[in-house]
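Both complexes shown next keep chain A, but they swap its partner, so chain B is in the first and chain C is in the second.
== the complex of A and B ==
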């Protein structure tokens, strides 16, 4: 039984255009042309219990819109969805007590008060027992290394510290499903890394089903076995991150360093040359010819070093987004 | 119940941090009241009554009326508009708590502390004018007065909620809330007692909810209304509460369907 079931979900937004300037503003006071944009088009997918799925896509792809529908913030234009057996936009208390959403760009913590005050408020709203509350806060604060800042006004915290507090606030009621919308946005490299480690550990320990959106490839690579790639509101790929490479890439990348200069034309006899300086060359070699080509280069040229690599996932995904076909 | 109490105490904790705002706010109000008192004292020079009011009654009208308006006001519209416009509402709609109830308690928390401070300073002024103040001892009148004030708070709260909810469609609510605020000041008897005005005007005011946040309860306090008239007033308040509540249900259902949770 899947925890999250999404079927033909669509969301249209209404908007209007206004040319710049005062005159256009005056005109728009009387007449506005309504336009529609489809943020999410007819998407379907399911997520099983305990899965950590990455939602990957460029800005405006429909990632956040999807999460907002699954958490009941938005009503869809059409389609169905069920999370833990509930229709999210009915906003049933029973459902709301079992999930949480963390939005990297919105905070639920009270800006003027220490994070602890917000935690206590959440504790009461979600009716978390005292003992569980204490245990969760202590445990999470320890894990995230923020025990000493829980009594400091939230607005005095750094972005990284604040995100950690946001995460604790969202996890107090031990949600079964967690939606993370850009949890690492704006964080420095070290904080990003810490956040990732935490999410990973939490998912493994608690078996919480997590749906995470990000446009940082690193997040997804570090955390998710499965990715859903979404672009212009449509799902381009849904499956294992590793299978993505098998599916879209038919070649490997060979990087050779020579001890003496080598001519580009000579190398082009074997395979397409991507880069070539006299002492270094990068070649794209079809999978089935890798061994043969590598052996040939080693015997023919004065090779100092040779590396055989997979095509980076970033490149694969960039290709999916730029070609726009699945 | 505990969750609501926590919301209130959290609001207090927040309000105490902004101690300067509380004091600053109160200063302006004091000026307004003192100004009204000076005005009436001047107008009463050389005459005993104006429209059936003695100077004592008029001073009581200003002081008690302002006390009522302090207790019944709220700051919901601004906060709600901002929450809808900036998308902060998203945080509340995903939580197992009803937004209307949540903000009601939050506003109680928000107004209660400034209220206490206003109350203290207001009582201070009343003590200065103690000799001029009309103090009645009818318990029933006073009980009715308290009920009316509590209902007035609810009515004002519901109106603010409805104005705030228009942000689902218009994003901004300043214009509407300013218009209604002015209308309210005038129709509630906040500038001067409605008794000075033509009968038709009073009739219209009494059918609308605003007079019950200033004029009517103050009249009740002054015992210028009979108990029966007071009860009738409370009846009208109940009708307004029911009506506004229905509107809120409808507007909220439609509004949250439009809500897009945009912004940062």
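== the complex of A and C ==
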């Protein structure tokens, strides 16, 4: 039985038009034009227990709005959703004790106090027993390597350290469902990597169902077997990350370096040439012709090295967003 | 209930830590409150150097009223007001997200996050002022004070709490509510003087829609032995109605919350 069930969920925001300039501002005192934007349009999907699903999309695609509806922060305009059998926006305490949300761009920790003070508040809010609290904080702090900073004011921590503390605050009550909204945003490469490793380990050990949004493809590639791609509020793709490439890409990329200069026109006889310098070329080759083309190049030209790659996932997703095709 | 008391204990502790961190603000707030209290006291002295009574209120009575008004105002400012006043900002910057996602009453969490300990000293001064007013003037028998005053003070406090919540809940509807709050703050300031002087219509208004008389004058009247049983029974009813309306309006307004991108 799915842990998260979303059916025809829609969220429409209303806002007022604000034309620039003094005159327009004066006019708006008497009349304001109300506008609507559909952040999420009729989306449906399910997530099984223990799954770690990547929720991808450009800015304003509707990812965060969806997470906020699933965590009961926002009311939907229409549609249904159930998480752990609860309707999120009813804000039942029983449900709220079973999920957590972490937002990379917002903090729930008290800024001017050590993180431990916020943990103690969460302990009482989520009614975590003393022994479990100590064990969880110790365990997570050890795993995230931040044992020595729990009594330092949050405002004095680095962004990476703060995010780790945010994670501990969110995981104290051992939620069954975890919503991670851009957890690695703004972090340096090393911190991103550590955060990824932690999320992966936590998901494997605790079987927590995780819905993750991120702009970083590295996060998605490292963590998610399944992705949901959302754009302009609509789901464009829902399936395995590996299948995404099969579905949207009909070619591979061959990169060849030569020992002697080669003419572009000669290479174009085989397939489209994406890049070409006298000693290096990048070719887009249809899947069914890869072997044949590679063999031909190897026998015809002075090849120093040849690499056959899949099209990067980033490019696939970018193409989905730019073409708007499903 | 026990859980909420535990939470309250943690939040009070955190506020105290903060108060110790920002010592200058702590002392300034005490000084500010004492200056205002002293100023109002001087105004009363000046007024009564020209007359014996105003609308049936003597100098001593007015000192009691000022003491009660200041006591309730400082009690509010010292406890939940600062927390509630953050509500429009929490809505505007999207910080309500975490509050709404937690398994605890969000109205409680908002209100209880900021206590102002500097007001405790001022409350002691307020009590002293009330005692002074009662000593130099009339005073109700102790047994009626014990029976009536706590009911009226608690009712006044609940009404004030509800009004503060009602006004700041407007933060869900309007980006800025400073003017609305300033209007109420100004009106509340009037209640440190006997509202009888403003005539029948204002008195009626101050008993119902803006129940300043119920909040401030009734407790003072209980101390002075000038309150009827009907008035004592009326105050908790008004408090219950205001509390229920504030609660409903908050729940209703939360549906409008759209967070921040």
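Just so we're on the same page, the second predicted complex is superposed on the first by the 326 of 326 C-alpha atoms of A that agree within 3 Å, B and C clash if a C-alpha of one lies under 4 Å from a C-alpha of the other, contacts with A are read in each partner's own complex, and residues count from 1 in each chain.
To be clear about the criterion, a contact is a pair of C-beta atoms (placed from the backbone, for glycine too) under 8 Å apart; a residue touches a chain by one contact, two chains touch by 3 or more.
The shown structure was predicted, so the numbers you read here are calculated from the model rather than taken from an experiment.
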Chain B and chain C placed together on chain A: clash or fit? clash
Figure out whether A:60 sits in contact with chain B (first) or chain C (second), or with both, or with neither. second
Request  = Once the structures are superposed on A, label A:270 by its partner contacts, choosing first (chain B), second (chain C), both or neither.
outcome  = neither
- request: Return first, second, both or neither, reflecting whether A:73 touches chain B, chain C, both chains, or no partner chain.
  value: both
Practice problem: For A:248, decide between first (touching chain B), second (touching chain C), both and neither. | Solution: neither
Which partner chains sit in contact with A:216 here, chain B, chain C, both or neither? Use first/second/both/neither.
neither
Once the structures are superposed on A, label A:120 by its partner contacts, choosing first (chain B), second (chain C), both or neither. both
Check: chain A residues flagged as touching chain B and also chain C 13, 68, 71-75, 91, 93, 96-97, 99, 101, 103, 106, 108, 110, 112-113, 117, 120-121, 124-127
Listed in rising order, the residues of chain C that touch chain A in the complex are 3, 6-7, 10-11, 14, 17-18, 21, 94-98, 100-104, 255, 257-259, 261
Within their complex, chain A touches chain B through residues 13, 68, 71-75, 91, 93, 96-97, 99-101, 103, 105-108, 110, 112-113, 117-118, 120-121, 123-127, 153
Per the touch rule, the chain A residues reaching chain C in their complex are 13, 60, 64, 68, 71-75, 91, 93-94, 96-97, 99, 101, 103, 106, 108, 110, 112-113, 117, 120-121, 124-127
Contacts from chain B onto chain A in the complex sit at residues 2-3, 5-7, 10, 13-14, 17-18, 87-88, 90-91, 93-97, 256-257, 259-261, 264
